[in-house]
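Chain nomenclature is as follows: A, B and C, assigned in order of appearance, with residue numbering initiated at 1 for each chain independently.
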């Protein structure tokens, strides 16, 4: 019988750095760190030497020079006299707009398709399978191109909407007409919608950075918020009365009155009317115009991503054991309520983590926007600005940094949400 | 597999770094191949045919240089470059020269450290519209939607033109010519603007070419020409004079077909210098005396190149216009070989 | 006694057929398509959509022209046959240029090499995909990359042979030292030895062997690669190289060593946080700043390296998912058996984790393969935009819009659909093992 030998107690020898597993990990880490830093230094040194050799410098002052190009869709005012920085912000806002809307739409469509894929309706289930397989297996770039082309080829040109007196006299009708009492016109360039306008307008304030904010909208929003608060008070009172007396006071006529009354009154006071789109020489003017470059990109991103989300949702639902459904049925819940109250809340835990990656993918994929002429960050900063200034190093690094920031923000927000719905195990 | 190539490349990187700094001419000669940056697909100017061989007006310049330097117009490796990658590729030494319908501008010549050695095509930006719009001048385009290719000088010119005329417009920045043409034909933009040569090429292939007009205004100067890196002046000279040899040949009536005949019989000292029968022109730029002769023999003179690729005989059917010889009222004017 | 005759049936009635609504097509229709108002609405909507789709595309597809020399010829043939207003597809463009869509500018008389490589690909991946095949065939899979490299790029055969020997050297050094020095250190020393051999040995050996026994294929430049050949080369290389990288990154991310862990996390999150297109621009525009001046290596190689990094980050996440799915008991059992870290990984953890991850790896590959279309933005000849632009620049085909896109889309669909079916098959097979 031998006793377990004591660990060697003799002093530290250099060879232990390699042979002793306790120290080996430290050795490896130090070597890796040194190699990493050396590599980093090598790259940066090369960059420095190369810039020097080319007579270039590394600075971002070009961002404050005149951009000189135009952008079709801008969320905040922009002219070609503004700086490249302003163009960058326009591009960034466009990227964010299409990404946020895309994530929302893709989630809705994806859940819808994912649930319908499990439908007992044979035809519907098949159509949804075809939908998912078609959109998942063909490159997104192609879908973006095709959406742009479909919108521009199937819709009539603005001049087909024109209705001249000569045509009236000849008894002809225009080739295309607007929808919903002349409030919506979808041409091959964009969607024109009648916009609310106010004849007694309060004007607008201009925030620093030349960002105008309409006071009308602010006023309406304030009124709406106040009415909502009032409605909550009303509901709370009704509930209190119900709990005290057992009968709930009638609120059905107060609800619409308190919610809509003030808003309507203020709108009328401001002189609310609709600004209809009117056909002019080349295109519709007036109202609100949403260009097809945006619509096409949004549709393509939505559909493509929703195909992936549908699969995630389907997998999530299938992951919930059949016993849950049976238990719900045993309790007398109908299939729809079973899905809403029992299955989906549980499936959500399986669904959310892969859903986050899909949101990230959608945001990153929006950088293909230039294929349908949508000027996003890659179109402005990584496209025209890079091209006109020749500052590829600065532009590309800046662009990577911005996308990285967006991605990190999205994933940390979604991770917080994920934590909040996680099964609390005690 | 790739890993070994990768390590090999890194090692090569170290080795190559040592020899960098040799002149471009020596590099090209040592390599036995000219690397020429071209447009991957621009009708008439540069595009590979069904067999993968690049053809076109810009490509001819590459071939002429290869013939002059290496004696064989086929010893060219063509590198397709996009609007964004072209100048970087040249600056980083990935290509020896750029012959990719690039406009010679002040900032490119200075800030981007390029040398435009000559102009092989004088172009200008024009507008194309559908006839039924009833527009006869670009100044009537107030409020129009205009398709413009992104990544070029055209979008800046467009902004300048509308600003100068105090008009508004909606730009549609399209990524390439095929998209622009499709949008224009579908009527999604009222007008398509790009270089006039490109407009003519597009119009020639449209199904309803008669319903489409190119407006008379040319809103910009677009001198397109081959470019080389700043700093290697000898190489710039080689490209410049290989090209001017073609122009000079046309001026003096030297063609691919009659070259040998002219060389045998001519007494004109200018032609004799051009063809290397007199003087030592070649030696001054590090080549032999026959360099211009080989260039002309390889692709023909400037007029022949023009006619073969984009001239009236082709379906693009561009007129010589500004690109005629100076003796014919154009701007093609080769400095004397002297 | 009153005569009460009770009715007694003496012979059974023949069984009546079930009601019409409960048999055959009608039953199926009722149960599957019209089982309720909601389902009926959905069915009608679906039918309407399908009919609309067919109606929109059918005439154009029916008026296809296969034999023509130019777009204009197509148009006149369609106008002659179907009337002046008819529109139709001009597939003649595909007939004339299919080889460029598939193989780019690869020399036509060398196409057999592509066919052989492609066929060999199936032989090489078969043992990976189907577990029933003998394990010894895995050696074929390991050799395949070098064979494919030689077949596609050509040149003397000795380059790939000695590169393989380099890997052999690496393995030998590793086996000799790993017991004494531990896995990581041994692998590092092996790598250094192999690198020394590749850098200083291969060139000389290659030249001498070539003079003794000249075995070579005509060389093909990588800029002659294009179309689906390019997409496959980039996609397959990226996924093959990124697998080991991804495994290491995933292990690094789970490691206890702080520095290794943070470097892995940093790498993965950075790559996953930026769009692939910016990485491609890095390959084509920025790399020249970060490498010594005068360095120039192939754009395709640069793109492959960056795409590999991209794939590695995604694969690492897939494998991390596989590792996380393993029950804690597996790790503890490995510890209890006295296995060290690498033995546990090799014998217990990785085989299970990789198996769980295969569907994820396949879908990463599908994504990768689709994303190769983005290389057109840096001037490479991908099938979707690169080759289409080239073909449309030909005066004969300028203005052809839909046909190249549809052709490319169909091929992508066939590839990716079969791969996703395979991964579903795997998923089902693996499920049976676990539940």
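Before moving on, here are some points about what is shown:
Just so we're on the same page, contacts are C-beta pairs under 8 Å (C-beta built on N, C-alpha and C of every residue); 3 or more make two chains touch, one makes a residue touch a chain.
Quick caveat, the model's predicted, so the values are computed rather than measured.
Set against the C-alpha centre of chain A, every other chain centre is closer than that of B. The chain pair A-C and the chain pair A-B differ in C-beta contact count, and the higher one is A-C. If you average the CA atoms of chain B and of chain C, the two centres end up 39 Å from each other.
Distance between chain centres (mean CA atoms), chain A to chain C: 28 Å. If each chain is reduced to the centroid of its CA atoms, chain A and chain B end up 42 Å from each other. Touching of two or more other chains is recorded for residues 281, 285, 288, 291-293, 385, 401 of chain C. For chain B, residues that reach two or more other chains under the stated contact definition are 84, 88, 91, 182. Across the assembly, chain A contributes 145, 149, 392 as residues in contact with two or more other chains.
Of all residues in chain B, only 1-9, 11-14, 16-17, 19-21, 40-44, 46-52, 77-82, 84-85, 88-89, 91-94, 176-178, 181-182, 185, 201-202, 204-207, 314-316 touch chain C in the complex they form. Of all the residues in chain C, the ones that touch chain A in their complex are 28, 31-33, 35, 39, 42-43, 46-47, 49-50, 180-182, 184-185, 188, 256-260, 263, 269-270, 272-278, 281-282, 285-286, 288-293, 317, 340, 366, 370-371, 373-374, 384-385, 401-402, 405, 408-409, 412-413, 415-417, 420. On the chain B side of its complex with chain A, the touching residues are 83-84, 87-88, 91, 107-108, 111-113, 133, 141-145, 150-152, 155-156, 158-160, 162-163, 169-175, 179, 182-183, 186-190.
Of all residues in chain A, those touching chain B in their complex are 54-55, 68-72, 80, 145, 148-149, 152-153, 157, 159, 188-189, 280-283, 285, 291-293, 370-371, 373, 375, 379, 383-384, 386-388, 390, 392. Interface residues of chain A, counted against chain C in their complex, comprise 18-19, 21, 24-25, 27-29, 31-33, 36, 43-44, 46-47, 49-51, 53, 116, 119-124, 127, 133-134, 136-142, 145-146, 149, 357, 360, 364-365, 367-368, 378, 382, 392-393, 396-397, 399-400, 403-404, 407-408.
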